[in-house]
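Below, chain A partners chain B and then partners chain C, in two separate complexes.
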Partner chain A sequence: MWNYALKRLIQGLITVWFIATATFLAMHAVPGDPLSGAKAMTPEIQQNLEKKYGLDKPIGQQYLIYMKNLAQGDLGISFTQKNREVNDIIREHFPVSATLGIMAVVFAALGGSLFGALTALYRNKWPDNVIMLAVILGISVPSFVFAAFSQLAIVKLNGLLGVSLLPVAGWGTISHMLLPSLVLGLGTMAYLTRLMRSSMLEILSSDYIRTANAKGLPATRIFARHEMPNAILPVVTVLGPAIAAITTGGFVVELVFAIPGLGRYFVQAVQQLDYTVIMGTTVFFGAFLVLMVIVVDLLYGFIDPRVRVS
Partner chain B sequence: MTEPISSVKPPLLDVHDLKVEFDTYGGTVQAVRGVSFAVEAGKTLAIVGESGCGKSVTVQALMGLVPMPPGRLTSGTAELRGRNILGTSKIDGQDFRGSEIGMIFQDPMTSLNPTMTIGRQIAESLEVHRGWSRKKAMARAVELLEMARIPEAAQRAKQYPFEFSGGMLQRAMIAMAIACEPAILIADEPTTALDVTIQAQVLDLLGDLQRDHGTAIILITHDLGVVARMADEVAVMYAGQIVERGSVDDIFYRPAHPYTVGLRAAMPSNNPNAEHRLLPIDGSPPDLFSPPAGCAYAARCPHAMRICNSHEPAPFTVGPGHFGKCWLHHEKVPNGAQTILSAVEGTPAGDLVAAASQSAEEHS
Partner chain C sequence: MTQTAPADPAMMDGAFDPLHSELRIQALTRPSLSYWQDAWKRLKANKRAILSLYIIIAMLLFTALGPQVWRVNPAEQDLLQISSPPGADRSAILVAPYVPWAVEEAPTPVTQSDAPDGTQTPAVVTAPAADAGLELVGTATTQMVRLKWNAMPGAADYAVYRNIIPAKGPGTYGLPLGNTDSAEVTRFEDLLDLRAGTTYYSVVPVDQTGAEMPQSINLKVDVVNSITMEEARARRLLKDGETPELGSTVNFALHPMGTDYLGRDMLARLMQGARVSLFIGIVAPLLFVMFGVVYGSMAGFIGGKVDQLMMRFADFVVALPFLLFMILFKIAFGIGPGESGIMPLIVAMVILLWPSTARLVRGQILQVREEAYVNAARLLGARTGYLVMRHMIPNTMGVILVTLTFAIPSAIFTEAFLSFIGMGVAAPTASWGSMSNDGIKTMLTHPHELFFPALMISITVLAFNLLGDGLRDALDAKMRSRE
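This part shows the complex of A and B:
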């Protein structure tokens, strides 16, 4: 088990290195650089600046310098924000994105497995039809539409009740987090519901559920001990990539709900070709996702004994 | 069935006129068409027949394992010690499945929960039916595994199904089925998925458990070698009906239905001296979407008469506890059924029984 974890971690490091290299090359392939902004500059100023930031060196050398700094955990200083280290940006804003993302994943996983199991148990009856309709909506409607509508609904609701039930936007308390994380997790929840439904349907007609029935176990026990643990395995498998999708895809929701997350910096940096911030956030997100996938895979071993041994 | 004249007390399980249908896109399949049989305590009833003849559906209907819909019980009663169990899963508020009737299935590889330890799966029955604590039930599960001749049972109980071989899984299944000491054990083709050397072990285990605990066994199989080895009573099923029923000797020495004769002739013999050719039964079973009006076997029967196509034969009693659903037993048939049925055979019946038990012996 520990050997396996170590092996996965080393593989993960290699993956992160690939991500960093690919991002570096892609970034430099884009025409322009952080200094070619709107401001008029004399060639002398530009040269001096390039020298200061090391942009005048050959690209191979820049790459080596970057990798050396990266290995030491130094992501550099932002080009566009005065005296702001990329490390500081991440340290300040990532916890917000992570909290939002993790809450969204929890919503998605709980809701997805619960609704998926329900649809399978009530196949072709009204709960199945209602939930599957909602699932199609959840998959096809983009999150900013849900975000806007949910804000509108909260405003109306607050107005109707005369008290502020939930804040419409902002960040800080648990009540701020509820709505955005729900909206952010909705698409994934819909996807997981479908996955859980097909997985559960397969389990329901399996031989060992018939055995459990032949043993005369109560339906609740069969559901909790025999159906759920087996049906949930595929859902756990995709949870790693789902965490990835949610934490990186949170930008739009962060924007709509005015949440000071990392997503905003990520997008801004790309627009302004802020080399260090692009590299820093991309590598950081990449590393985070790789780590999540590893964690989920290790977790999977605890749920499925067949994986644990091999 | 006949009136219970022979025995004063009613049988342990009395199934009467069981009918099961399935709704499919192609129409309604009449899978089981009026099956009646009785099981005596401590005896083995073998239900034999080819694939699709309704043997599995019969016992699954008893156990409430037929998915409904698409399945449907259209008639029948099944009385376990005088109480009806058909269409219900509970007697006196308690589930009889697992406690009164245990069941083992054909494919042990897929019939156990892959994410639960073997020991837990056995202990579960005891926790549910007897209200035992987890620890007590687990200790009993280890004993049961030992009883099922699983070596190092204590360690094995903590393992998962994928760590067991097929034969061991089937023995674990048996341990699970007998955990609550049921009066009846239903074995639905228990050896079909296993290779022949393991088959013999599993059959031996079933036989020993029956002897030690007095469990009645309903054995579903299409292997006449298994029947010769295990059964006291045999019910031969064809197209959703029991066409012949009798003791194991009746079935092998005094068959009362052409289908039974055909089944026996289609059995391979490993006696090199026997001038025995494997004789397949021509044709295929009737379409159960619209079963024939007369005898279901008429189209394949070498002795079919005109009446066979139009009228369903009644069960003719040909001996004590032995009946065959065949018009040949009618008094107006010249020569008599026994002469006709034994004349078609290439080998005398005795040889086949010898071959059957011999092949069973060689498995062990």
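This part shows the complex of A and C:
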């Protein structure tokens, strides 16, 4: 187990290195340099600035400096915001994104496994049909459309009731988080429901369920002890990539709901060509996602003993 | 023993002739179907998939033939109908060109009565505010609204306001239009950005100190669309040689799906946007699936260390945060002036999305390689090229096709996402994503600007998803048995 964990961690580190290198190369392929967008400046100032940021050095040396700083956890200083470290920006805005993402994942996982189990149990009856229709919609409608129209619906609802039932945008209280996280999790929830349904259908036709039925166990106990824990395994497997999809996909929702998360910050940084912030957030997000996948894989070992053995 | 043989005539020659049976082996009732024929048969039985196929074909026709049928320039602005929803009232009355309000009309009835002095304003003090008689002069059109009222006691000036809802006392008058700057002038002409519909005007007297007095006079006005003869001709709203009278009705240009915030025809723009969205949505998956197939089958075929190395690299690429890198690559490739940013998008998608196909194809190739029929073919002396063409490709084709069908909606999604956050297709080019991005800004007042592009994205993605489901069921025997 520990050996496996260690191996996965080392693999993860290599992956993060790869992400950082890819980011570095991509950023250096950008036409022009980070300072060319700024106001007109004399060649002397340009030179001084280049020296300050180490842009006058050959690219190999820049890469080494970048990697050295990265290893020490220093992501550099923002180009557009004076004296603001990228670390500060991440520290300030990432918790918001993470909260949103975690809530969305919880919504998606709970909803997905429950609805999926329901569709399998009521196969080809009306609950199955209704939920599967909703699932198809959830997969086919982009999240920004959901975001926009749920906002519109809330505005109308608030107007109709005369009280502010839910806030339309912003961040702060739990009620601010409900709608965005639900919208963010919807696509993944639809996907997980499908997965859960097929996995549950397979379980339902297996021998041990027949045995349990033959023994005369109550249906609720069979569901809770035999069906659910087995059917949920594939859902847990894809939870790692799902977290990845949700946290990176979050910035669309952050944009629509005006949530001060890291994703929105990233989009802003791209618009302003704030190189260090772009690189820093990309590497940070990448590392976070790699870590999440590893954590989920390790947790999987605890949930399913068969995996631990092999 | 010998007694019976010659004796029995029934056992004589011919007795042991094989019986010519009338029963023949049953002929095959159906011709044997190839894999693809079978798959097509199954697909045809799937109503949802076939319906989706029709929708996709309709979508492609909409893109290809639509602009031939609906010949409206998607870039042309109809400034008479900005953000008009579908089915909005298009009728307008023909009006004369604008001429400033003639001064010969007396400012107030009062000063008219004793014109020589002009100082007798206190004479009207008796007129109560309620009787101030705010009224419309002429017809209220989008060209202009002219109001006049009677002078009010104590007023040194009048402030005129306009609102979309009835005013309920001070502070609720709405948009301040202007002041008359004199007690003498009791008329006002509103030319400011008028829209057809009901508006509420309020005239508030202002006293000597410049403070607004608590009372106001209000008027509800129904503004109608208007157009001058010249303009109507320029916009080809009138037939050649037709010269209708002033005051008669003409119809504005037809926009079946309304117009956007710049007055551009939504239908024409949706067609143009479909071109971009579907182009990216189909070309990018084609390219990266093709690349994935080549990469994956190479890895699977060569095997060993090379395979390990190639797959490790694919794992790295999978680990890249997809949307972030899409954006990174997009700025890395840069977009020059006049470019629409379609190529960088496609290149970024190809670079980032091939590994999943590669993995899948590699798995398939590894599986097929071990199959008995491949070994048999090899034993019979089949060459590698034959093996690939005859066995490998047909047996992985199903999986590849299904991957492609599912890759298309996700590519359309990605394009929409990126254009939505302003990182996709650049401004003058329309795509469904960028149209949604434009639409969301005016969502609360003009929901149709967001609704139509969003609907197009959803329908297309839905159709491709359902078709993919159908294809998977039809092509993949293993998946089929599951549900």
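The criterion applied here is as follows: the second predicted complex is superposed on the first by the 299 of 310 C-alpha atoms of A that agree within 3 Å, B and C clash if a C-alpha of one lies under 4 Å from a C-alpha of the other, contacts with A are read in each partner's own complex, and residues count from 1 in each chain.
Going forward, a contact is a pair of C-beta atoms (placed from the backbone, for glycine too) under 8 Å apart; a residue touches a chain by one contact, two chains touch by 3 or more.
A quick note: this is a predicted structure, and the numbers were derived from the prediction, not measured.
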Legend entry - Combined model on chain A where chain B meets chain C, clash or fit: fit
Inset, instruction - Could you tell me if A:His226 is touching chain B, chain C, both of them or neither one (first, second, both, neither)? - result: first
Legend entry - Partner chain in contact with A:Ala214 - chain B first, chain C second, else both or neither: first
Inset, instruction - Treating the CA centre of chain A as the corner point, state the angle out to chain B and chain C, nearest 10°. - result: 100
Inset, instruction - Considering only touches as defined above, state whether A:Pro234 meets chain B (first), chain C (second), both or neither. - result: neither
Legend entry - Partner contacting more residues of chain A (chain B vs chain C): C
Inset, instruction - Mind working out whether A:Pro260 is in touch with chain B, chain C, both or neither, as first, second, both or neither? - result: neither
Inset, instruction - Could you tell me if A:Phe144 is touching chain B, chain C, both of them or neither one (first, second, both, neither)? - result: second
Inset, instruction - Name the contact category of A:Gly301: first (chain B only), second (chain C only), both, or neither. - result: neither
Inset, instruction - Pick one for A:Glu202: touches chain B only (first), chain C only (second), both, or neither. - result: second
Inset, instruction - Report the closest approach of chain B and chain C over their C-alpha atoms in the superposed model, as a whole number of Å. - result: 13
Inset, instruction - Would you tell me which residues of chain B are touching chain A in their complex? - result: 63-65, 67, 89, 95-99, 102-103, 105, 107, 110-117, 124-125, 128-129, 160, 162-163, 173, 176-177
Legend entry - Of all residues in chain C, those that touch chain A in their complex: 315-316, 319-325, 327-329, 331-334, 409, 413, 416-417, 420-423, 436, 440, 443-444, 447, 450, 454, 457-459, 461-462, 465-466, 482-483
Inset, instruction - Sort out for me which residues of chain A touch chain B in the complex. - result: 205-208, 210-218, 221, 225-226, 229-230, 233, 303-306, 309
Inset, instruction - Spell out the part of chain A that touches chain C in their complex, as residue ranges. - result: 14-15, 18-19, 22-23, 26-27, 29-31, 136-137, 139-142, 144-145, 148-149, 151-152, 155, 198, 201-202, 244, 248-249, 251-252, 255-256, 266-267, 270-271, 273, 278, 281-282, 285-286, 289-290, 293
